[in-house]
Structures are given as structure tokens and as C-alpha cells.
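One structure is given below, encoded as C-alpha cells.
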Amino acid sequence: MREFFQRRGKFRPRDVDQDGADIQIPEDLWVKCPRCQELVYSKELDHNARVCPKCGYHFRLRARDRIASLVDLDSFVEWDAELRPYDQLEFVDLAGPYAAKLKQTQAKSGEHEALISGWGTVEGRPIALAVCDFEFLGASMGSVFGEKLVRASERCVAGRLPLLTISASGGARMHEGLLSLMQMAKTVAALARLGRARVPHLALLTDPCYGGVTASYATIADIILAEPGAMIGFAGPRVIEQITKQKLPDGFQTAEFQLEHGMVDLIVPRFELRATIGQLIDLYERPSQQDSPNGVSAGDHREPAPVELGGHYGN
Amino acid sequence: MNLVATMATDLLEAKPVVNPITAWERVKLARHPDRPRTLDFIHELMTGFIELHGDRVHGDDRALIGGLARFGGRTVMVLGHQKGGDTKENLERNFGMARPEGYRKAARLLRHAEKFNLPVLTLIDTPGAEPGVGSEERGQATAIAESLLAMADLAVPTVAIVIGEGGSGGALAVGVADRILMLENAVYAVASPEACAAILWRDAARAPEAAATMRITAADLHGFGIVDEVVLEQVPAHERPRAAILAAGAALRAHLDGLIEEFPGDDDETRERLRDARFQKFRRIGAWREAAWRDSGLPLDGHAAG
Amino acid sequence: MREFFQRRGKFRPRDVDQDGADIQIPEDLWVKCPRCQELVYSKELDHNARVCPKCGYHFRLRARDRIASLVDLDSFVEWDAELRPYDQLEFVDLAGPYAAKLKQTQAKSGEHEALISGWGTVEGRPIALAVCDFEFLGASMGSVFGEKLVRASERCVAGRLPLLTISASGGARMHEGLLSLMQMAKTVAALARLGRARVPHLALLTDPCYGGVTASYATIADIILAEPGAMIGFAGPRVIEQITKQKLPDGFQTAEFQLEHGMVDLIVPRFELRATIGQLIDLYERPSQQDSPNGVSAGDHREPAPVELGGHYGN
Amino acid sequence: MNLVATMATDLLEAKPVVNPITAWERVKLARHPDRPRTLDFIHELMTGFIELHGDRVHGDDRALIGGLARFGGRTVMVLGHQKGGDTKENLERNFGMARPEGYRKAARLLRHAEKFNLPVLTLIDTPGAEPGVGSEERGQATAIAESLLAMADLAVPTVAIVIGEGGSGGALAVGVADRILMLENAVYAVASPEACAAILWRDAARAPEAAATMRITAADLHGFGIVDEVVLEQVPAHERPRAAILAAGAALRAHLDGLIEEFPGDDDETRERLRDARFQKFRRIGAWREAAWRDSGLPLDGHAAG
């Protein structure tokens, strides 16, 4: 099997504060699959798109790994990487000031914020991406997250570029108080404009996807995709159990549960995602092109192109 | 200056507009059982209220109500969270915690208002959207998102006022308005201080500390540029409800008049201008900086250019 | 108590084929209330808007009685009374040809079709009405029913006149085959135009309201009112019981059930209907009139005007 | 002539386009278990089909499906009832009887099509909307009405084809199209012949008689001006499914091309013209007469002015 993508450590962002090396996972590490409990060789997992080869469990992906796994080689151009979170509230909790926590998190994650945005091509078709990095404070929705998403959306309106949002988030960022909550309104208002411009917004919900993200931009998309087994909801399962003292039903809040309850359009296994996105862009981008003389479209049943990944960041 | 820096709002200039009582005391005032609630405002300030029910798909949420009424010489659509006055009513009203049905009803009534070019007033008073198995099954997140979208897309003037507790996404769902007002002792927060304390202090009892650092008072939020006007309570609203209601009514009236003066008519151009102004209002909210690239040799962090 | 309206026999349409006298109910008849089983003196029932004085049960109203109970005295002008149903299918069932059945029904009911339309004023405010007569073949939705509703709606668009539909129907008229089904599309398409013209459509659902009517124009109204206790649904309870072999829940398909399930805006007792309709027209008709100097609207809390009824048809 | 009389359609000139087999025989053909179903048409005629799921409020109805696909060089939104191929699939598909979720999904996908200016194709094949306690609780009537409204209001070209059973309101819910086609052995009726017989003959076994008098065949409905084109089946579709599918595809293509030629672009004027033409199409359907007033001394009934 081809390598699905290179190890995460190699997609080091260009402007990290600290060298990414200290958070690289050694290639010979064994990882325990949280679903089937089997041990999987880390390198094998990477070669398999971080999908458990034993049971199909989809491990979480870092934002840059996700982007690398989707876009054509060397095609991704990042936007607004210079935006930095800022502790306007002078928020201090048990762990100390938010400002210090930010520095720590930036160093540990190698990212400045929880959302990476930019554009690239998928099977040759341009698309904008806005991708959550759950390793950055649970991809909570702070001011920079909101601002980056809004700027991406504005570029999409201007350039008539379809937008793919890929979400995984614990919800709001409490350290930014109501400014964080307001990012729900801000991003929805921006995407409302994208909608009025009739530019498609595709959303991919990945594990875990909760709170402010699910209750704002992610679920008003034109097409809602989800990864198999992803946990998706408004309130987290522990909160619900604590408050209602109810045992939660089996499979509660999984992507499959959301499909059954009418909340998502389709569940796409990671291996098929690139092809599905390509096919969707294609459907929107050439709505009435004559593509064959005999009345049946040709070339719509593309074979998923070989997945070429990650190389442009380093290897 | 080498540093590229922006700030959406200027905290430094924000001054408390009232006596410094603690944020936690305000939380208690905002939740006071005798504080006037949405229907009290409607009945005092409006006439001819006809409550409209139902989401047309599953049910009618008694925690988030709405309907047509006359206010200030106009027909308006009024929406608001409704807490109960006693235990029985609180059970019926689910303590003001709306379910997906409530947000879907809100979206329906917002579209109704737009169809007939009626301005919209919303009253915010909720601990938050209901967390529960049924609410999740029926798409609580999706319902809130669609209410946000309906408000963002609305082509009629909208004024929101936080009259008590503004709790998280469940409050914001009817809060994406052209003007946002707050009663002086209302609070508006991304999470309850108890929840925040439980997570960040691992102890819900430290809610008072959390409340302080979360900056949830009307004065704070006015300072951040989120709240357009703080409606003063000469004494806390539960002591003299009618005075607070009338003060709120006057402020609502003034903002609504101002909006209609600025955006008269319902032609396409005015509607687009109104939507655009609303977008720009929310577009500005947030705190961030823009840093130069590391490889340019500049420091990553700088001072805010206030 | 004032007479709510005159006996139905007196609202004889101007152009009946046969004299209405033979279907007049004698004034001294006793009627058994289907809910509380009490005997009610017929005249007392009429004086009480045909609401049971013992239990509040709302007896069914004929279309012209309903109109008389709502509009200002002498204000109703009927539209399209000259439209006649026509047996295009040459439909014949066990009871004989549809054409013959129509004649019989017209004679017995004193109406030419199941829908009466026109306009009048309610508390001085002009409004169009389209009212089902359940006595006419269960107010099934035939071609004339559809055509009259469409013409009424077109007049409402032209004159910016609010429309009140009052429905009670068993569903489609099988004798008109697919032409009947298509009236659902035809009426909805007409009301879609009314909607685009931003003219309000108020709907009142009364007992019983099923099938094609409930699944078309009646439930897409801007405001949906229902009478207390009215049975409202898509499929009838007997059909559902037969097919599903399930016992139906208590209160299934009542107006109160529909309110609880989010399908109607409000339940209006018959005595309050006139005032509610007046208030609603008022809210739509003067959306931003300055009606008091001190900022609070005056005159919105009108006392329900004394109900003056029916006289213009005869008494 | 003293009589004012109109007829929307002219039955007298309608001629059967096919051999006279009975209506009841056609019902049996329309319901034949081997007759090609919606997904067979989609897979044979279209490419790149991506099925979209869910109503965003309660569930996903497997009896009424839809999605994006390429057809005739265009991206289209395709919707249709889906019966099962065997008992297991029929249970999953609820025998093609849609629930409120199905009609709400349909309305959602119709709005999606309009947003992106995609033509809509619908395939009709259902015994009718599901009668059941749950469907009533979730507003079956309202859901159907809203799907009708969505279709009537749609500003993109729409072509519907009845491929098997066109059963009552549950069929019409996705049938308010600019062009209505029917396969030769499909039927389209206000109620099933069995239900009609049970009510009007008090004996469901007399369904064959009911079928005949109800005028439910493609030829009848073409005669009434409801159906725009009957797609011939050289042999019944269950015997040679691919031939029937390709014939249907050619007809769909021709009508869609014609519509797009007549209503090109998505400017406001074209959209309004398209909606107006659709309205006029349905506006004409029906049979009635206009009689002079009795007091003018004229007879109440007259002959049709065909």
C-alpha cells in the first residue's frame, strides 16, 4: 500500500516558535487502538491514513496532516498565518494567565491557533480549506479562529472559490469570554454572505465535534459530511449524563447516529474523502457543461486519484 | 512601528457605568426569581400580542416564545426566552432552556417577520440551550445554527436586549441583532460561571472567581464593543420591575426608531445595506494581533495599537 | 345572551336549485351533544354559536353560517357562485353516475359546490374568505373547489386583500380522479404567488380536516388557527388503525394534539374568532402607523365588537 | 349561445396512445416487483450520483431519496420514491411510502437546487405517503404541503416522470413540475383503486372496476392535459427494464433541454417567467362550467364548449 501521507512531524509549519522535533512521534512506537484495543505499529498507521488497519477506527488528524492528505502536492497556500490570539480579557484561571497558556500551547502544538486556512487544489480543482487543529486547546473557537474563517469566506466570495470546512472542536474558548461566543455569530454571518453569493460550502465533521462549532458554521453548510465513528453533538455526553442522570443510548452522537437522525448528508471513510470532495466540486463547478456528445456525461466517474501527500512541507 | 497590530475593540477606554458590585453579585441579580421576565416586558410595553406557536415539525417550545404585537406604533415580531415564575411554571418552561423546537420556531417567526417587513425584537433570558438526549436526537446544534443563520440573513431591523441571564449559544441564537442592549444587572457569558469554574478550576464552587475573570457584566461587554447600550437599573429590576421594563422599552424604542430611520423601506438596496451593516458589526468583534513573519526577524508579540 | 347568529336555514343561497325549506331544522328540535351526550335545545345551540352550552363542544358549521358569524352585517359579497362541477371522467360507482350524485347533493345541501368564496369586512377591515361546506360531499376537493380558491387568491393578489381560508374536508374527491388530486398543486401554486406578493393568508382548521386539504393550501398559511377539539390530520384515524393495527393515543389528531406537535399557531374558541381575525388583519394592515403620541399603541386592545350576523341573506 | 361554459381540457379529442389493455392490468404492471425503480434509472442514466441524506430535523427517509448527479451534460438534483427489490429492502424502504422526513428532505434538496441553479428531475413511484401514528405526530400533512410549496415556488426547471405507481398526495408532493411524463404502464391516481372501491363500492375486491372509472392510465391523463408525454414501453418495463429506462431518459433529456432553452439563465426575470409558466400549467387543470344566474331564466346545466 502506498504511503497515505508522511509523518505529521514533517508538516512543520514555517513559523513555529519552537522546533517541532520534540513532539515528533518516534517511528517505531506502538499505538493502541482505542476501539479494538489492538496495538498498531505507528508507521503502519501513518501509511494507512491513520485508520486502524484492524478495525477501521479513524484516529484524529492534525490540521496540517489533514490538509496534506487532501490537496494536490505542493498546491496548498496558507492564509492569515500571521494572526495571533490575544488575551483581551486578562483571563486568569487555576493554571495561570491565558496569555501564558497560549504560549505553552503554541510551543507544544507548533501552531499559533486552532484553525488553519488557505487554498489548494483537489484533483486539480481549486478549493479553500479551513481546518481545525484539535491539539490546539481542543480547537476551541477563539477570536483568531473566527477571524480566519471569516477572511477565508470573504476570499471565497471574491474568488467564487468553494469552501471546505473541516471541524473538530470542544466548543467555545472560555478564556476569551463572550468574544469567543460571538465568533459563532460572526462566522455564520460571513457564511450567510457566502450563501447569498451561491458559493458552495462543504463541511466535514470529524471526531470530536461539539458546542459552538457544531451549533454555528459547521451545520449550515450546503453539504455536511462526517467521518465514520466521529462523535458529533451540541452538549458533550458527560455533561448530558451528569445533568439528566440518564444512561445514554448505544451509539449516541456518533456520525452514524447523526446520519440516522437526518443531520448529515453522508459519512465518508477517510480513504474516499479526496475523491468525494473532488466529485462534489466538480458537480458545482460545471453545472451545465456539455461533456459528451451522446447525452451521458463522461469523466464523472473518476477513479480516486492516487493520493499524493505532504511532501511540499518538507520531505 | 514595526509591528502590524490591530484590535477590534479598545478595552482601555471602557469604564464601568455603574457602581462596582461584583460580577457574581450581578449573576445572582440576573437570576433573581422576582426579576421581570419576557412576558412581563411584552405585556407592559406592547399591545395586541398574539403568541404564535410551533415549529411545524415536532412541537412547541414553551421556553422560547414569540408572536406579533404592536410596539411604538409598529407591528413587530417579538421573541424571547421565558423562565417560569414558580416551580410549576418553571417545569413547563424548562427553566428557560430552549429545545430544538424553540430555535426552529424562532427561525420560522423570523422568516415570517421578513416576509411582512416587520422589525424584530428579541429578549434574552436563558441559562442556555437544553442539554439532553432528546434535544440531541432532534438536532439541538443544527437548530441553533439555523436560528443564527436566520438572524444573520434577516432583511428587517432587529434589536436584542439581555434582560437577565444570557447563557451561551442558547442565548446567542436569538441575539444576532443590529443593536444589542443589556439591562445593567443582566449577564451574558460563553458558559455559566459554575461550568467554567468546574472545568478551569475543577471546582464549581469557585464560580465567583470565574465570573469575575470571564467579564460577563453589561459594563464589560459594552467596553468590548459587543453591547451597544447598557440600560441602567436605578434599583435592581426585581425590586421595581416596572421601572426597569419602561427603561428597557424606551431604549428599545430609540434603537428601533434609529434603525428604521437609517434603513427605511424594504427595497432590495436597503435590505442589502442593512444585512451588510449587521455583518460589519459582528465582523469587528474579537481580539487578535497580526504578527510579522518570524523570518523577518521581528518579535512575534507586540503591544496593541489601541 | 345575544343571538350569535340566525338559524342556518335563513342563509339560503340566492341560486339554489330547490327550496331550502326541506332541510331546515325545526326550531324546537333537541340535539344530542356528541361529546357530553346531553340534550341541547336546537334554538339555544344556535344562540350559542353552535357551541354546546354544557361542555363547550364546537358543533360543525355550514359555510354560510360560518361566514355570517364572522363578517360585518351585509358586508359579504360572494365570488364565482356561477362555477359548477362537471363530470369529466363520466365516473360511475355503486351509487350511480357522479353527475347524478352532484344533482342530489346540490339539492340536499343547497349549495353548488363545497367551497364558498367572497369578501367582506370583519370589524370594518376587508378580508377575503374561502370556506368549506362539509355537508357538500364532505367538502372534498374537486375542480370547482380548486378553481374558486385560485380565483379568490388571484383577487387577493390584485387587491392586496388578506385571505382567510376556513377548512373542513374529508380529502380528495375521488369522482374527479386525478383532476381532484391536482387541485392540491393548483391551490398551493396560487398561494405561493399570494405569498410572494406578501399578502397574508390566515387558515382556520375546523372539524374534520383531513387529506388533500390539510396536505396542501391549509397548512402553508402564514398563521394557522384551529377550533377547539377539531380533528385534524393527513390520514383518517380509522385508516391508520386498520393499517397499523395500533390503538391510537388519547386525543390523537385533535387541534390540541396538533398544537402540542407544533403544527398550529393557536386554538381559538368560536366566540373569540371574530376578534382574533380582526386583530390579526390589523397587525398586518398597518405595520408601522403611528397610532399614539406616547409611544405605546392605542386601540389595539379592541373589545370584540358585538357580533352582527347573517341578516343580509334574509332575515 | 346563452351558456357561459369553459373546459380546461378537451377529453373528446384524447385518443389512447396504446393498445387497449385494462386499467387494472396496468395497475398490476405498475406494481410489478421486477419493474425498474428510481435507483435503476439514476444508475443507468446518470453519472457521479451523490446521494444526500436527512431532513435536518428528525431523520432520513429511505423511501424518498435524492442527490446530485450528472445528466445530459448538466448537474441536476434528482429526487424519487424508492421501493425495495425484495422483502428486506422493502421494509427498509417502507414499500416506497415516504414519511414526513422524506418530504422535508425533498424540500431541503429543492432549495439546494434552486440555490445553485440546478434543474430538478423527480421520479414518482409510491403507493402513497405513509399513514401512521408517528407520521401524523411529525406532521405528514404539513410536510407534504411544504414540499408542494417548494416545488411550486422553485425557480429552476423541473421535470417529473411517473415510472410506476403514482399514489395520491405522497406522489404529487414531488410532482409539481414544469413537465410531467409517464411511462406507458405507470398509473397515477388520487387514491388506490382498492381504497376507492372500499369506499365507493364498499368492497375492495371491486378495485378493477374502480380502476377503470378512475381514469388513471397514462393515456387518460394525457387526454386530460395533466401528462405532457407518455413514454411508450414496447414491452412492459419489467421485461426489458433497460429499454424503458433509456426511453425515459431520452424523454427527460428532451423536455429538460426544451425547458432550459425556453428559460435560460437564472436572472430574476427568467425565474419569474418560469414560475409563472408553471403556475399557468396547473392553473388550467380541472373541469368546471360557468352557469348563468338562475334568476336570469337560463338553465343551470349546459353542454361543454369543448
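Things worth noting here:
We just call them A, B, C and D in the order they show up, numbering each chain from 1.
Criterion: contacts are C-beta pairs under 8 Å (C-beta built on N, C-alpha and C of every residue); 3 or more make two chains touch, one makes a residue touch a chain.
No experiment lies behind these values; they were computed from the predicted model shown.
Contact with both subunit B and subunit C is made by D. Between A-D and C-D, more C-beta contact pairs are found at C-D. Rounded to whole angstrom, the centroid-to-centroid distance between subunit A and subunit D, based on C-alpha atoms, equals 41 Å.
Each chain gets a centre from the mean of its Cα atoms; for subunit A and subunit B, those two points are 29 Å apart.
Distance between subunit B and subunit D, defined via averaged C-alpha coordinates, is recorded as 46 Å. Multi-chain contact residues, meaning those touching two or more other chains, occur in subunit C at positions 195, 261-263.
Annotation for subunit D: residues 56-58, 138-139, 142, 146 touch two or more other chains. The list of touching chain pairs reads A-B, A-D, B-C, B-D, C-D. Of all the residues in subunit B, the ones that touch subunit D in their complex are 56-58, 100, 104, 138-139, 142-143, 146. Subunit C makes touch with subunit D in their complex at residues 14-15, 17, 82-95, 143-144, 146-147, 150, 172-174, 176-186, 188-193, 195-196, 211-212, 214-220, 232-235, 239-240, 243-244, 246, 248-249, 252-253, 261-263.
Touching subunit C in their complex are the following residues of subunit D: 4, 7-9, 11, 129, 131-133, 135-142, 144-146, 148-149, 151-153, 168-169, 172-173, 175-176, 188-191, 196, 199-202, 210, 213-216, 221, 224, 226, 275, 278-279, 282-283, 285-295, 300-301, 304. Contacts from subunit A toward subunit D in the complex involve residues 195, 198, 200, 222-223, 259-266, 276, 279-280, 282-284, 286-292, 295-298, 300-301.
Contact residues of subunit D toward subunit A in the complex are 45-48, 50-60, 68-75, 101, 105, 112, 115-118, 249-250, 253, 260.
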